[in-house]
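Shared between the two complexes below is subunit A, which has subunit B as its partner in the first and subunit C in the second.
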Partner chain A sequence: MAGTISPYKTNRRSAPAGSGSAGRGAGGRERSGLGQKVRRNLSAHGFLFGALVCFGFFTWYPMVREVVMSFQKTKRGRTTWVGFDNLRRIFDDPDFWHAWRNTFLFTLLALVLGFALPFFVAVLLNELRHAKAYLRILVYLPVMMPPVAAVLLFKYFYNPDYGLFNDILRTLHLPTSAWLNSPDTAMVSVVIAATWMNMGGATLIYLAALQGIPGELYEAADLDGAGLLRKLWHVTIPQTRLILSLLLLLQIVATMQVFVEPFLLTGGNGPQNSTMTVVYLVYEYAFDLGGNNYGVASALGLVMLVVLAGFSALYSRLSRNSDND
Partner chain B sequence: MRTIVPQTQLNRPLGKAVYWTVLTVVVVVFTLVFIGPLYWLVTGGLKSTQEVIQSPPTLFPSEIHWGTYATAWRELKIGRLLFNTVYYAFGALAFQLVFDVAAAYSLSKLRPVLGNVILGMMLATLMIPSAVLIVPQYLTVLDLPLLHLNLISTPWAIWLPTVANAFNIFLLKRFFDSIPQDLLAAAAIDGASPLRTLRSIVLPMSKPILGVVSIFAVVNVWKDFLWPMLVQPNPADQTLNIGIRSLATGVPQNVIIAALAIASAPTILFFLVFQRSIMSGLTSGGLKG
Partner chain C sequence: MKTNGLLHRSAVAVVVAGLAFSAAACSSSGGGSSSGDNGKASDAAAPLDPATKVTITADCQPPTTKPAERKQWDDDIAAFNKIYPNVTIKATDGSPCEEPAKFTAQLAGKTQPDLFYAYFTDTNQILDAGGAQDISAYVNEKTVPALKDIDPSVLSTLKDADGKLYGLPVTNYKMGLIYNRKLFKQAGLDPDKPPTTWAEIREDAKKIAALGNGVNGYGDYSATNQGGWHFTAELYGLGGKMLSDDGKKVAFNSAEGKQVLQNLYDMRWTDNTMGATQGLKWPDLMTQTSTDKLGMYVGAPDDITYMVQTLKGNYEDYGMGPMPGGKSALLGGDGRFFKKGSTPDQIKAGVAWVNFKYLTMGKGQFDYSRNKTDGLPVGIPQPSFFGGASLAADNTAKAASATVPVQNYAPYVSTPVPGKTEPANAQQLYKVLDAAVSAVLTDKNADIAKLLTDAESQANQVLSSLQ
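Presenting the complex of A and B:
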């Protein structure tokens, strides 16, 4: 019954229900009465009850409902099946393609900055013998700020007239930028702010990975006369490859769900829809336009799920490999 | 520990010079990049309205206006927002600790029928991007199935969904798995009930993992944005993130900046106090989070 279906291995043999578990510990009481088994299971399920109810209401049921709603339309409290109309509607919406293009652009830029920069910083910090704790705390500080504070702070810095960034550019006699106010630079500005806010987490994870590299490898490379870059390329990167690829995939999945940063910085869509992302579009369909197009929003969510499922599948394969190592 | 740059190279005069230069540059740049904005935030709240939008900006406020912080506290109702956020965060923490610990204990030690199937179904939810479920979750909270309760504008809408956290349960279960079964068997022989065993044996041994789970529970609620915005439409019930944003229109800029400084202070102080456990929690559990 139990145990045979699940992919998760335990050391419990596929015995009939309940004969393992607590009874096994209690000194080889092989045969316990049916009543006792039922009681033991009741108390075990009692402990699970609260979490099960929450999962049921807030995760499992919404998962099913998401799929069902994608094919429905609700108007004035009446729900009707509309087949693929919702999907057709989002594919016909020019904003759909816009949002995907922006989301991919954000992901690409966020990876160049948000993926490469933390790795560089981690390698740098790992080389330093002093002030390590101080620098680690610094990098993680912005992660602890409420997003509204970090984002509005950047909004002031980005102000074209009196913002700090243009002040700095003017002092250096460099051309100033319109930052969030121009469709050309709005997305880059959002990515810079997002990177500042979030890079601490990735940096610390890389740092932990770097500290796990055995020193003998560097020693051997030194004996072979390898320079800095060769050691980085032939020792550091291969040794952290697994964590790098896992974080890369995690970041792709996370950055494709970006919402808060563009929503707070540019009100969501930005100049000429240049920062409108897919999650923002879901939000707009469902909550913003007053239409309460829950069906259309669900269909869009489903499309996003399919796109991200590819990345997630890859992630779970990689993480299974990492567990075997 | 050996790294890319070997110690011998650092002991040479040239190596030493390069190392100290790099170190100084890194410390200065990092301080500017990560503390600079915070400094700007705190001092910006002390400047006058004109001085805050002056270009080029002043490094020190020419005249210190403590009153701005008082105004921000009053006008943006920061006290109320702060109280709400703390209330939601620690309520969520309490629910997660009670329900997730109980569930992980059951799955790890009591091993109920279908336990592995349930664990599998919980872990499967880690693969679903949270943004995908936001619409059906919102509708569920609007009208809870079977019970037909509307949780919008109640703290339950924030507390209960945080319990459905497969990652917490997974972390806790993995930790509980490492507690020897013999200890529990001994307790059972002494006649301890499962609840008693959990309280007097498992929980005292699990302090580190409980700390990690707690910190992330609090920080997650503190940082959440879209969900509290949807389920707490009433201004008096909102969190710092939502409240400051919606009240910020039409308020002088130095007042908003002061408000942001006040809003950032609790989590930053919290981090500085607990940074050791936060850092270790991150590197032990952060990878899959």
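Presenting the complex of A and C:
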């Protein structure tokens, strides 16, 4: 049995010669090998055990419970199995489809704005000759701001009566907007705020990727007479493709789980539920409806998990295909 | 954008926290000890024996940031311990006493204190979670002498369908119209005669909004379930009902329901007296009123305390009138519940403490002369759950020590509007109605009939899934 356990190979190799010979020399490799290996790597196993316990308790156990609870209901302190009742309830809830539509809209808008803008800013920063470090800090600054503070700031900017944005529009003699106060503009307003709050991080990652592109490639392109756009298209984008596609996937998965910005900016629902997202709906079921709706909340979480997992699988399939092309 | 470390983490944190709590709940469900049920049932009706040694945990001790209330709490514990020297009350402070999300998690995890704070509307949730003990046998005129004077409609909010009692009321409120007397005067209105019908409110709102400078005539909530809460209050005021008599269907898609939304629509879009900023939630209306930007809104008397104590307004500037429409006024409040599995002695000790601190004239929260000395408001028309001799005694004592301009609330106090409790499954219904209220306040093309029909079918669906 012990012979089949091989992850200790590396450790054994790095251990001082002879240190392991006693156990093996006793001829009890089968019997005493494992115990000794564990003893020899006690601290490593300690860490491993701690990590496993933490992951198990705080990550895996809740996930398993979520699946179990999706099929349960608590009434008068008693938990009963209800089969697919919870799933049926969320599919019957008109807010479910509404929330998915909003979530996809947010994801789409967040990608159009939040994916392209940081890339554009990173390219600009990369091209700068002066004040580079200073501007980099400026771009990253909003990320360091606590979300609640940033949201309060934007709430003030968006105020239709005395907010900064409408003041600017009035000064320019342009029509003002209701921003967060209209179902037509609420979601866009949330995306703008979210983009401002979060783009610094993505910008820095793009910047790092851009700076990894060998200068010779641009020199060669220059010699070939390529302009700015052609260099961008033929050098910059292909060279940063890996990072771009990785960030795209992460952003899709993350933006679909958006919660904080709409929750703080519009109380979650927004005018006529226009900013209600799926994760907010989970929150609402679990905590906001004054009932014991954990089962329903879990079922919705499960649906979300399935959709995101399916999406990730599809994405990795597509990107593998395109890599093979 | 890197949206999303943060988004991701927050979302995951919320979900995981919820799951972890609820997981804990499920694993211990059914295990709720019922030792308290049987115990010494025969002598449950007797008051606590002063020699009994017992410890209970309780929440809602005033925080140190409210020094006067905190000192009163400590003094009251000391006075209580003179009668019951062996009762230990281990209290945790908190303000607010209940945060709904935390409370839900506590109930699920069965980590609520032995004696715990809850809103009247939480009763169903607590019972569904199996979180509270039936205290019917422990509450009688010996253990709670003022019991006969407590408004039966208040007590009924703490009972289950079979009439078993699970908690004792501590404070309550009845809604009415709160208004800014300063703006009334500026607009040429009589601050001692607040409007009592919606037609009058519209007229007065126009005059107040005409003051300009960002002042709105009327305001209302439309987010975080509070839009639905106020819809209900306004529906009650007009004589409407939220539920059918059997409680299985909603009844708000009625002439009164339409009237509520039509009033809001007219003030928002026809009269332009509500301002463009909507999606308001507690305490936005109080903030606007205390900064003299809002003329009127529907609210409860303790809003006035909040505007003065927290938002630094002046008592002289606010008045209160009866609920517009005057047919009935939404009644709410909070009480103390007893954790399932508490021992008979713990329940008796809890009942004795709640009686001492919150239900005895001249003591605890009703010690008006002490409140006056400590700089706390006396004369706010709340709580109002007593009738009979207790009410008369309360009014006399309040008047003798009043620190607030009691006459400002005369229109509210002297107009008897019957109280009406919130509907069962209130939060679910409020959530559905939030969307309708928010629609009339943010969409000029809102179709009121359709909004109500949609809300009706959605709410009925929710109710049927809860049966």
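Note that the second predicted complex is superposed on the first by the 267 of 325 C-alpha atoms of A that agree within 3 Å, B and C clash if a C-alpha of one lies under 4 Å from a C-alpha of the other, contacts with A are read in each partner's own complex, and residues count from 1 in each chain.
Throughout what follows, a residue touches a chain if its C-beta (ideal position, glycine included) is under 8 Å from a C-beta of that chain, and two chains touch if they have at least 3 such contacts.
On a predicted model such as this, the values are computed, not experimentally measured, just so you know.
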Partner chain(s) touched by A:128 [first = subunit B, second = subunit C, both, neither]: first
Subunit B versus subunit C as contact partner of A:248, first or second or both or neither: neither
Touched partner set for A:298, first subunit B, second subunit C, both or neither: both
First, second, both or neither for A:316, with subunit B first and subunit C second: first
Which superposed partner A:108 touches (first subunit B, second subunit C, both, neither): neither
More subunit A residues in contact - subunit B or subunit C: B
Subunit B versus subunit C as contact partner of A:188, first or second or both or neither: neither
Touched partner set for A:169, first subunit B, second subunit C, both or neither: neither
Which superposed partner A:82 touches (first subunit B, second subunit C, both, neither): neither
Partner chain(s) touched by A:286 [first = subunit B, second = subunit C, both, neither]: both
Intersection of the subunit A residues that touch subunit B with those that touch subunit C: 58-59, 61-63, 65-66, 69, 147, 161-162, 201, 205, 247, 253, 257, 259-260, 279, 282-283, 286-287, 294, 297-298, 301
Residues of subunit B defined as touching subunit A within the complex: 1-6, 10, 19, 22-23, 26-27, 30-31, 33-35, 37-38, 40-41, 44, 53-57, 95, 98-100, 102-103, 105-107, 109-122, 125, 127-141, 144-145, 160-161, 163-164, 166, 169, 181-182, 184-185, 188-189, 193-194, 219, 222-223, 225-226, 230, 240-242, 244-245, 248, 253, 256-257, 260-261, 263-264, 267-268, 270-272, 275, 278-279, 282-283, 286-288
Subunit B-touching residues of subunit A, taken from the complex the two chains share: 1-3, 5-8, 10, 12, 17-18, 20-22, 25-27, 40-41, 43-45, 47-48, 50-52, 54-55, 57-63, 65-66, 69, 123-131, 134-142, 144-149, 152-154, 156-157, 161-162, 164, 166-167, 170-171, 196, 201, 204-205, 207-208, 210-211, 215-216, 218-219, 222, 228, 231-232, 235-236, 243, 246-247, 253, 256-257, 259-260, 263-264, 279, 282-283, 286-287, 294, 297-298, 301-302, 304-305, 308-309, 312, 316, 319
Residues of subunit C defined as touching subunit A within the complex: 1-8, 10-12, 14-16, 18-20, 22-23, 25-26, 29-30, 32, 100-101, 104-105, 107-108, 121-122, 124-125, 127-131, 214, 222-225, 275-279, 281, 340, 425-428, 431, 434-435, 438-439, 441-443, 454, 458, 461-462, 465-466
Footprint of subunit C on subunit A - complex, ascending: 58-59, 61-63, 65-66, 68-69, 72, 74-79, 89, 92-95, 110, 113-115, 117-118, 143, 147, 159-162, 178, 180-183, 194-195, 197-202, 205, 247, 250-251, 253-255, 257-261, 266-273, 279, 282-284, 286-292, 294, 297-298, 301
